[in-house]
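Have a look at the structure that comes next, please.
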């Protein structure tokens, strides 16, 4: 990992390189067989402890569409989706994530996924009939980083409700955008996910080359998933898109009207990373949901990779608004394929919170000689 | 001051009454002569220490239109304004507010203002030719609370640029909306400004009847000025309106792009009080500027007065986001008619910051039995 | 009526004067008694032929709030309103307007209204208990132009739902903004409504001084009512406000989703007159409803009066999009105080449609030497 | 081509199938060699007759960024672009399109393009140094439909200005979205472009199977290009994206302010096809430019293909607003590789304008028994 100073700095204050500037000295083996061709993040299955309360949050407040439901599970989708679901709420004793599920390009990619993870020595389970309703032939694995991943192609088509404006709420969620995973060693995770076919679009580093987070994409947006440094494996958040920024503000307004403003953890704001407009909520079990809009096209193979200095106070919020500590510390546990909690491995690299918040942290607004700016009012 | 509990509580969590629920046992005398008929807040004159830097902030960043300028002063207006200016920047040694200026209905109202303040024993100075460019016959006073107020009718008309969309920026400021004054004894200030013809639209109280702030209007919006409890007389902020919420977000985005995000002090967010969307900036001298949009019509004489419980965490920000301490503590000094700083009188009532932030403060999201909610992540 | 050429032309292509440039040689008598002090347009009562169908349009599609309803009438209000209603739908055999109702400043203004119209020889009917639910002491008159007007002060307060974002739809209507009346002789109407206390903010004329329409305000917006030249008395439209432009687009999108796009008569677009963003719909009986947002403050007594040249193609639509003929020709009949249709008097002045549309009409985009612009594609 | 009635009709009134429902009995030969792997439409080169006037339109009015310019050509890009340009304005005697240029995935895809078109017997010209500034090894061809197409991979990277909000205008263009080509035989064109690797996302047909237009994508949006039925080869339009709908409205407002509203040909409105929000402008030479935002993700191989009935009045405008005749009839000529105008072949199938507008055309709002709706006011 080279020093930031050696890179091309943009007029916006971050750096660009032509290739992902991340290396690891502790890599996971690269399989000899080809990886499955991943199209996009497709759905997340989460365990919730009170199905009715979670339904209230995701359906009545956020307005996701119920494709199907029974006493144990609710299958939800966004308005522009044509596959069966983007989120499964499953009733269970402990709040956790059951699976991060990706859609692949062809039925044969399931075979490839089986071979890929088998060679890595991972636990692999395939079900021709699928693990959940609406999805056919699928494979679930415990990936080398401890995350439960699923791959599928076969899926039940449902009506894309994009034109059904009579069903839109002011804060309408139109797409699943991405996942975000907490993992202790970011470069190791990035290298592995590159083997799986993901491409890095942005990352956060410091001058010593410590990598705090990286964003990885299959579809040509800024990410389908991201690796955030921290004790893991844990799930940081799942993100849905709106069309416009006012839709995100409308969700905040509605939460205020319902006297649920304590569900707003961070934002709304403009990200530095991704340039998207964002909001972070916490569901009744504490699972974090991001509402997200307007990042940029990344589909060219030589798409410039953006690196942010961890001390740049605009990296996480372009307006310099502070990141609340819970956003750094809290995350959802993930399950193994038997439904048990995966054990947690602690991060040994420095934490982004420690180096940027509080007495020991230092962040600048302007990286200029003499005067670096500070954020008024947040110097607690 | 009656208890909050005795009032009609709305389904939104605040209270309404038909008349302003504020009384004082230490009133300023009500003059026997009629008050001038105030139309609206019209402009503020502020002293800035570096005229070029302030021009950069107000013209290049915020996009106000220069009506006229010389080496000592810049006269600025918003896009929908047809009077000469809404803001005067005057070069001076100490950053402060020179005047809060209101437009009155007729030339004769200047005579009324003279009589009104003369009877109150205030210092009164009238100039037929006006105190600043573009304004004719005016009177300036040091009001009983120590604020420099001006009243005028005669004014030079300039072109209303509302239709000149070629001049609009993404964060276009279209109107001056209001002033906000810091004063130690809010009920006393409110009673006096009611004598001057202002009407209360909203206020913040606690169960013991302590009043922390009140909003007062001439034109039929939520306010032309507000009385915020604190050491005073000081100027809390001056506010300009945009048409839509995205315009306010655009100002934040631009400040980020200019690496001036430290000029953002608080927000953007949705106010509980006024229901408006807001943002607070600090200019190069620390003068606070609010950007504001979409409050409601208040022009009926029996417009319901809204009272917020000081412990309602959604009163200042409907989304429950924290108010930064500087927003409570910092304010601009004001000048007397000779241009000297007015002395400060300390607030003796409890401060809103003390009762709502930190170890001693308590705020709720939901005022319900058993469970009152709390704001995740902000429990520092 | 002076020539347009003699006036001050703005950089936006229209003209401004300090006083309304409208005179009439056929005035209605000015009463010797004072006019009632009108606060604002408050509600319209319309007769609809199918109450269920109208409820679907105004409640299910447009999202107005039902304050109260029975088998014969539905009382509706907008989200920021605190008086009982802004619109009454009353079941009846013939679609028409029963009353244009204005709120006055004090109970005594009802007496003034009685005296004012009595002196004019108009039919006047006062009811202490009100004519409709929620409204107390009121007077209804057949005004000198044949319109049924009502004035009231006493009204039942209901909850202002401005903060209830859980009730907002994407196209939420927040305020009643104005009425628009069709009348054959615009200058005569304007002069009379000025006697009633309204002030002219804008108008449309030609070089010969023919006045095609004028806008009149009580509250400080561009209008509470307007006089549109045509066979009358008829009601051209009633207008509700949204907060932002996307709210208006959302109404169009929803009408498309419901396969009711034929309810969209004109727009959406930007008005030249008023500078507001607009949309015109037709309800199930053909009553025209405008959705409107973002005009400008007009509350100063010397507010510049804007005059548009009838041949300026941007006067009705700032983007030059054509006005459909039905918008010029169709309007709702109005009732007398017995509930019978008022007879129609034909306009004798030239019609705006005739002088601007089709083979005989000429409109320019740019009023410049040599090249005046034309609208591509609309040269049918 | 099967009948519409045999397909699955959605609740929104259009039809979906799993595969493109378009066949041709007059196909262009499918080459035996693989097609180049197209990433996306990348730029268009247009000939303009007055470079200064065109610069005013594209730079001063629309706000595109000048990457480079000289006396003969201007290279322009959108704010989120990192390749050298998205539009080249080249000075020339006759307004026309010089090339539709696509970016391919690898340098080797240029070889594939050469082989592909050589086998088709097309004129092919390759230049290692590129045809225009900023672009390296490229091939230009006269494709079997007569269009000048270019393919390249090598390109100069420039700064992506996405974060430079200080450079944004209210109508900021952030991406090149798509091209649109006029061609006489739509099924024949579709079949050929499918050979080239494009996928159909939507189309317009009638009950007899006549295809009026089809949309084709490389990147996962609704299109990179479209085939519109008409005399061709001609260029119908080139489209740029904004982030939000208000950005498009701002462009209209600005054109009004500049008294250039006659440059607005059609819209703004909501498309049925693509579900995007749109506006069509005409540049100083009559070249048509669309401003476009918010279509949907189409990247899955089994993405449902949408078919619209040509008589569905909401297909072209979801709000049922009329399409102006010029939009159907006007288009830009295209050049061969020598810079001469390509000859025009007339459409022999029925024209969409003829079957939907005027006395012979019939369009419905609702496809229901008994009552089909009609658009008020447009029944000229």
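Each chain gets a letter, A, B, C and D, in the order it is written, and its residues are counted from 1.
By definition in this document, a contact is a pair of C-beta atoms (placed from the backbone, for glycine too) under 8 Å apart; a residue touches a chain by one contact, two chains touch by 3 or more.
These numbers come from a predicted model, not from an experiment.
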Worksheet item: Which of the two pairs, C-D or A-D, is linked by more C-beta contacts?
Response: C-D
Worksheet entry | Chain located farthest away, centre of chain D as origin (C-alpha) | B
Practice prompt. Would you kindly tell me how far, in whole Å, the mean C-alpha position of chain C lies from that of chain A?
Written response: 51
Worksheet item: Cα centroid separation between chain C and chain D, in whole Å?
Response: 41
Fill in: Gap in Å, rounded to a whole number, between the CA centres of chain D and chain A
33
Practice prompt. At least two other chains touched by the same residue of chain B: list those residues.
Written response: 12, 163-164, 244-246, 253, 256-257, 272, 318
Item to complete: Would you mind writing out the residues of chain C in touch with chain D in their complex?
Response: 12-13, 244-246, 249, 252-253, 255-257, 259-266, 268, 270, 272, 277, 282, 313-314, 318-321, 324-327, 365-366, 373-378, 380
Discussion item. Touching residues of chain D toward chain A in the complex: what are they?
Written reply: 10-12, 14, 16, 18, 39-40, 80, 82-83, 103, 105-106, 157, 159-160, 162-164, 174-175, 219-220, 243-245, 272, 275, 294, 296-297, 299-304, 318
Worksheet item: In the complex formed with chain D, which residues of chain B make contact?
Response: 163-170, 172, 244, 246, 250, 253-254, 256-258
